[in-house]
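Across the two complexes that follow, subunit A remains constant while its partner is subunit B and subsequently subunit C.
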Partner chain A sequence: MKTFVLAGLLASTLAFADEVVTQKDKAFAPGDITVKAGQRVTFVNDDTVAHNVFSKDAKFNLKIQPPGDKQSVSFDAPGTYEVRCAIHPKMTLKVKVVAP
Partner chain B sequence: MNPRVSFLCCCVSIAAAAAPPVESQAREFAAQYQRPAKGLAPDAPERVALGRQLFFDPRLSASGIVSCATCHNPALSWGDGLPRAVGHSMKTLGRRSPTVLNAGWGGPFMWDGRFETLEEQAMGPITSPAEMNMAAGDVLARLSAVEGYRQAFEKNFPGEGVTAKGLASAIAAFERTIVSPPAPFDRWVQGDAAALSDAAKRGFVVFNTKAACSKCHSGWRFTDDSFHDIGVKDADRGRGALKDFEGIEALDHAFKTPTLRDADRRAPFLHDGSEATLEAIVDFYDVGGRARRPSVSSDVQKLSLTAQEKKDLVAFLKTLSSPADAVVPALPR
Partner chain C sequence: MSRWAPLAATLALVAAMAALTRHLVDDGLVQSRLVLERAGRLRLLSGDVAREAMTQADTTQALLLDPDLIVEVSEAKIAAYDRQKAGMSELAALATDANINALLEQVRDLDERQLKPLDEMLLEQLASGEVEAARATYRTTVVPARERYDALIARLASLADDKAREAEVALTAQTERTGRLLWGLFAGAGLLVIGLFALNRSRRAALDSTSRMQRLVEVTRQLLSTTSSAEVGATLRATLGQGVSLVDEGGRGFELTSGGRTLGSLDPGSPVTQPEELGFWQSLSTTVAQHLAGLAARDELQGCARQIADAERRTRAVLESLSEGLVVIDPARRIQPLWSRAMAELAPLEAGASFERWLFPDDEVKRSYVQSLFEQLVEDVFPFEVSASQFPATYERGERTFAFALSPVRSAAGQLELLIVTLRDVTEEVRLRKASLESRDLFQFLERAREQPDEAGAWLDETSAELAQLDTDLVTLKRRLHTVKGTSAVFGLEAFSGLVHEAESVVEEQGALPDAWRERLSTRYLAFERRARSMLSDTLGGRVSIPREALEPLATLLEQHHETQSAQFVRSLALTSLGARLEALARQAVLTAQKLNKRVEVSVHADDLRVEPQRFTPFLRTLVHVVRNAIDHGLERPEERVAKGKSPTGALRIEAHRARGGTEVCIGDDGAGIDFEKLKQRALERRMPANTHDELVDALFADGVSTRDEVSETSGRGVGLSAVLAECRRLGGQVSVENDHGARFRFWFPDQPTLVVVPPLAVGA
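Entry: the complex of A and B
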């Protein structure tokens, strides 16, 4: 499992459990999440097709995730980010990052 | 005799005797392709009527001979039957004209999805030098000179005059009414088992299982409105050439999944018209596409279909076509 660290991963952030977002039937579930700064979000592909999660705002690209794949990203700076699938434009996820 | 063994034997013989008939095998996948019970929210009829006139009016082009319908011809299932579109001054464009059938449910638009809405798309071809080659101001002036258009714009957009926004909105309203009538496949989905041949039913099963075409050609329009590199061998980078998607490998050479509704009336196929027939398309997928490059979708794989399975797939695809019908309007002079 690859981990994308957007800024420094502080020891304290390890205290939060990962937020899990699944990709199924070409949609993110849930489609809207709130996490604490430094918390990691794990993207699971529970679908039968490949996905490619990325965010221009949060500057990451998980590249192709075949069915069954899991990848994590940590969101370190408070703000609101739009996460999308590059392949399926209707797949969008709003991530709200709040101060811990 | 060991009772466990005899039990197994018994199961095997039942399975062999009663392989599920093709109708019930196919029926398992039917629900996902149900047409929506409700149509799109209807636009005002007078707006649709204006849009229909504009769509068929060659005066929207500099030469006065190219209308939207030149390339999106209802007689050719709203395409043009050419490998690549031919625009202003008979210049061949880089890509094939896609159909506008059922576009009201689709989007983003164009092979690379560069427009989000039909309204946004509509001014594109008019002002594109390669297509209709008309400056936006010129086309509005030309339409304003026609009494019938002045009145129709006034009725639809009171006090606004003939504007680009009104023109786009009317064309989009008309496009939303371009819907494919029910095909034999739809009658079968509704429960008429006799509407499809056994070959077509077998093909539909292959479509959803071994060939996994349904990974991308999903839902009643047979498209996921999404972007994939299926391995078409040309230099066009498709969606990957858009600035928004710089550095995303999966979008290199990726194009929008076309609808398969009416496909047999729209050959040649693909964004560059490089495959001539449905049989050729099935062969294309059978070998896992023609181009080998990292961007090719992992959902396109060598299929090794039998000759029978290929025939059945084509038989199925042909059941998605419905008879053409279009009303061509009289234009105001």
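Entry: the complex of A and C
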């Protein structure tokens, strides 16, 4: 029973806080982030228009995110990923994933 | 002085030729090649940029038809955007021409200030569900802007084309001139040099260094201006090296020897006044000078030959790497040994062979037609451009289409010497242009079809019929084409309507519609029809729809052929899943509980029963009242439940199963149950019979009878429940209500033919 509790504690200290990326004024902020492998990135649409965030490299597509929407993606493998918006092609975000 | 004239002329000729060659080789060819490469790249890039822009426009168009496609097209769209951007930067770096630069600026401006913001706005509208607004934006602003964009790109491509063609012509003309020069050098000066070499073989070894030759030229000049033999002797001594020596004969004078032979001698101190002495020195000088000229010419020629070989190699390299098909032919249409690899890859070329045979190996009619065009061109009666414009603008070979162009090479006297034929592969451009126009047709048709689906469908049928019957008398043919042209324009098929118009012109000219045209029309139309019909069914959800009423006749037919299982399956298609309907009900239950701050766990068990939707839907819809009643009236608040020793979360079971030769739907909760005592009291207050269980159930479902004291927003007054009873009875069903750890409502319906179907054997089991 003790070991179980300890393992639970370890797990909770090992989990990282989510990195938050906002999409205000048709731009990702920040535009360049570094996260640890396994860490989650939360995409918050605090803009007045919808966005369609996706990444070809990281293989995800958050579909249409209306204003106010919030979605998280975890980046599991180290590397550099480009995240774009299909509605606003000028929006780019670079995610660098490093080994934890 | 006349004997010096040939020498001077030879020297001048050699010098001039050398200079000319150097100029041609170093500047002209290299320059032309650069211009050509640049122009070719420019043209390719402008096509690329247009294609990438079109891809982005296509994704937007697809989204206008179905906004949910966004996940599938986002990657492709952004990739196209990035490629377009890269293409534009490369174009800007390449464009050195002021016209092209100005045009590029316009393209960039239109794209960045209008098209891209419009596209973003349109997608934002789509994303927020304003589909109609987005379509209106597309029609009123995007389409005209795109048309302007296409026109600019077309102009850019044609400017780049002009540049490329100019450079090609210059390059080919230079190559040709260089070749002629080479021939001239060897045919003229070359023979002279060989002659001189033979004459002066003995002295050649002594005089092969360029610097010494230059010194000797000076000596010769001095000899010609000297009158004193002493001076001549001193100069010669100072100048001549081994092989040619000047012997001082002890005051007798000098003797010029070479290889043991005396070339001449001169007395010291005596002025060169005698004609014979002068003659000797003159002839000596002439020999030396001729020799020198010969050697200089040889050197120059070797230099020229090397440069010409370089130029040839470079020209070959250009022709190898040139993406254009290029071949030089003479006025008799014989292929000259100068062609680009792209041309030879299209079909092998043979120097001296007939070009029109190469063009049309299997088509004698076309061959003789082209031959006559060439003959007219060579006659040079009309301006070249006029005759050249008679040729077909495009040439098709295999699957590919080429733009056909001719440029003349004229002699200095203006005589047409050679023709440069270029074939530029425009397959992709033609295809894209066509695809773009066709997709615009399709889009506009689908817009019309949305407004008038029946008319659009009827038009598709009628047009198929009209086009299938073009093999008819002239009057009917013209009428049919005219009908198709008019109606297709009405339905937004501008490109197709244009094609039919062309066909009409052909009929007007030839008095009949050639088979090729008939096939072209029907191929184009059938392709359009197939896409249109598939898109129309896509807008209905990507399914093949069979009217529900057609299923029963189909099932009957199958039964007649003893295909009982298939018949059953077909019937099951007409049915709706009872489980799915009950799950929807469960979701409503959860929402209701949330609203009332109650916790409930809903479970649904419905086996795999299917029911006839038209019959059951009204009843199933009323069940929401039963659910609301159970949550609002039946389930207690969490704290109340805990006090009673129950779990704070209530349970609601929704079930459907086969029972007593029929189907039973049960809704039960684990709440307080129905207070039948209070119900009886309320029923009696309203003067309703309330003695038997059935009478109490009737009272429960009656309007206005509620066991609750207050009326809530969610349920109350028992209004809804009366509807449930009515619908249940309409289906011939029975209702029972009992308390079993809470209230339990049971609705039972007897089987009717095709009312309930047990699913057939699972596929693949």
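Definition applied: the second predicted complex is superposed on the first by the 86 of 100 C-alpha atoms of A that agree within 3 Å, B and C clash if a C-alpha of one lies under 4 Å from a C-alpha of the other, contacts with A are read in each partner's own complex, and residues count from 1 in each chain.
Assume a contact is a pair of C-beta atoms (placed from the backbone, for glycine too) under 8 Å apart; a residue touches a chain by one contact, two chains touch by 3 or more.
Computed from a predicted model, the values in this text were never measured in an experiment.
Q: Fit or clash for subunit B plus subunit C once both are placed on subunit A?
A: Superposition check on subunit A flags a clash between subunit B and subunit C.
Q: Of the partners subunit B and subunit C, which touch A:89 in the superposed model: first, second, both, neither?
A: After superposition on chain A, A:89 lies in contact with both partners, subunit B and subunit C.
Q: For A:63 in the superposed arrangement: first (subunit B), second (subunit C), both or neither?
A: Both partners, subunit B and subunit C.
Q: Looking at A:52, would you say it contacts subunit B, subunit C, both, or neither? Reply first, second, both or neither.
A: It touches subunit B and subunit C both.
Q: Can A:27 be said to touch subunit B (first), subunit C (second), both, or neither?
A: neither
Q: With the two structures fitted on A, what stretch of subunit C runs into subunit B, 2-10, 20-28 or 92-100?
A: The overlap with subunit B comes from subunit C residues 92-100.
Q: Please report the subunit A residues shared by its interface with subunit B and its interface with subunit C.
A: 26, 49-50, 52, 54, 56, 61, 63-64, 66, 86-89
Q: Looking at the complex, which residues from subunit A come into contact with subunit B?
A: These residues of subunit A touch subunit B: 26, 48-50, 52, 54, 56, 61, 63-64, 66, 86-90.
Q: Which residues of subunit C touch subunit A once you look at their complex with the stated criterion?
A: The touching residues are 67, 70-71, 73-75, 77-79, 81-82, 116, 120, 123-124, 127-128.
Q: Which positions of subunit A touch subunit C when the two form their complex?
A: Listed in rising order, the residues of subunit A that touch subunit C are 26, 49-52, 54, 56, 61, 63-64, 66, 84, 86-89.
Q: Give the list of subunit B residues in touch with subunit A in this complex.
A: Touching subunit A from subunit B are residues 108, 113, 215-216, 224-228, 244-245, 247-251, 254, 297-299.
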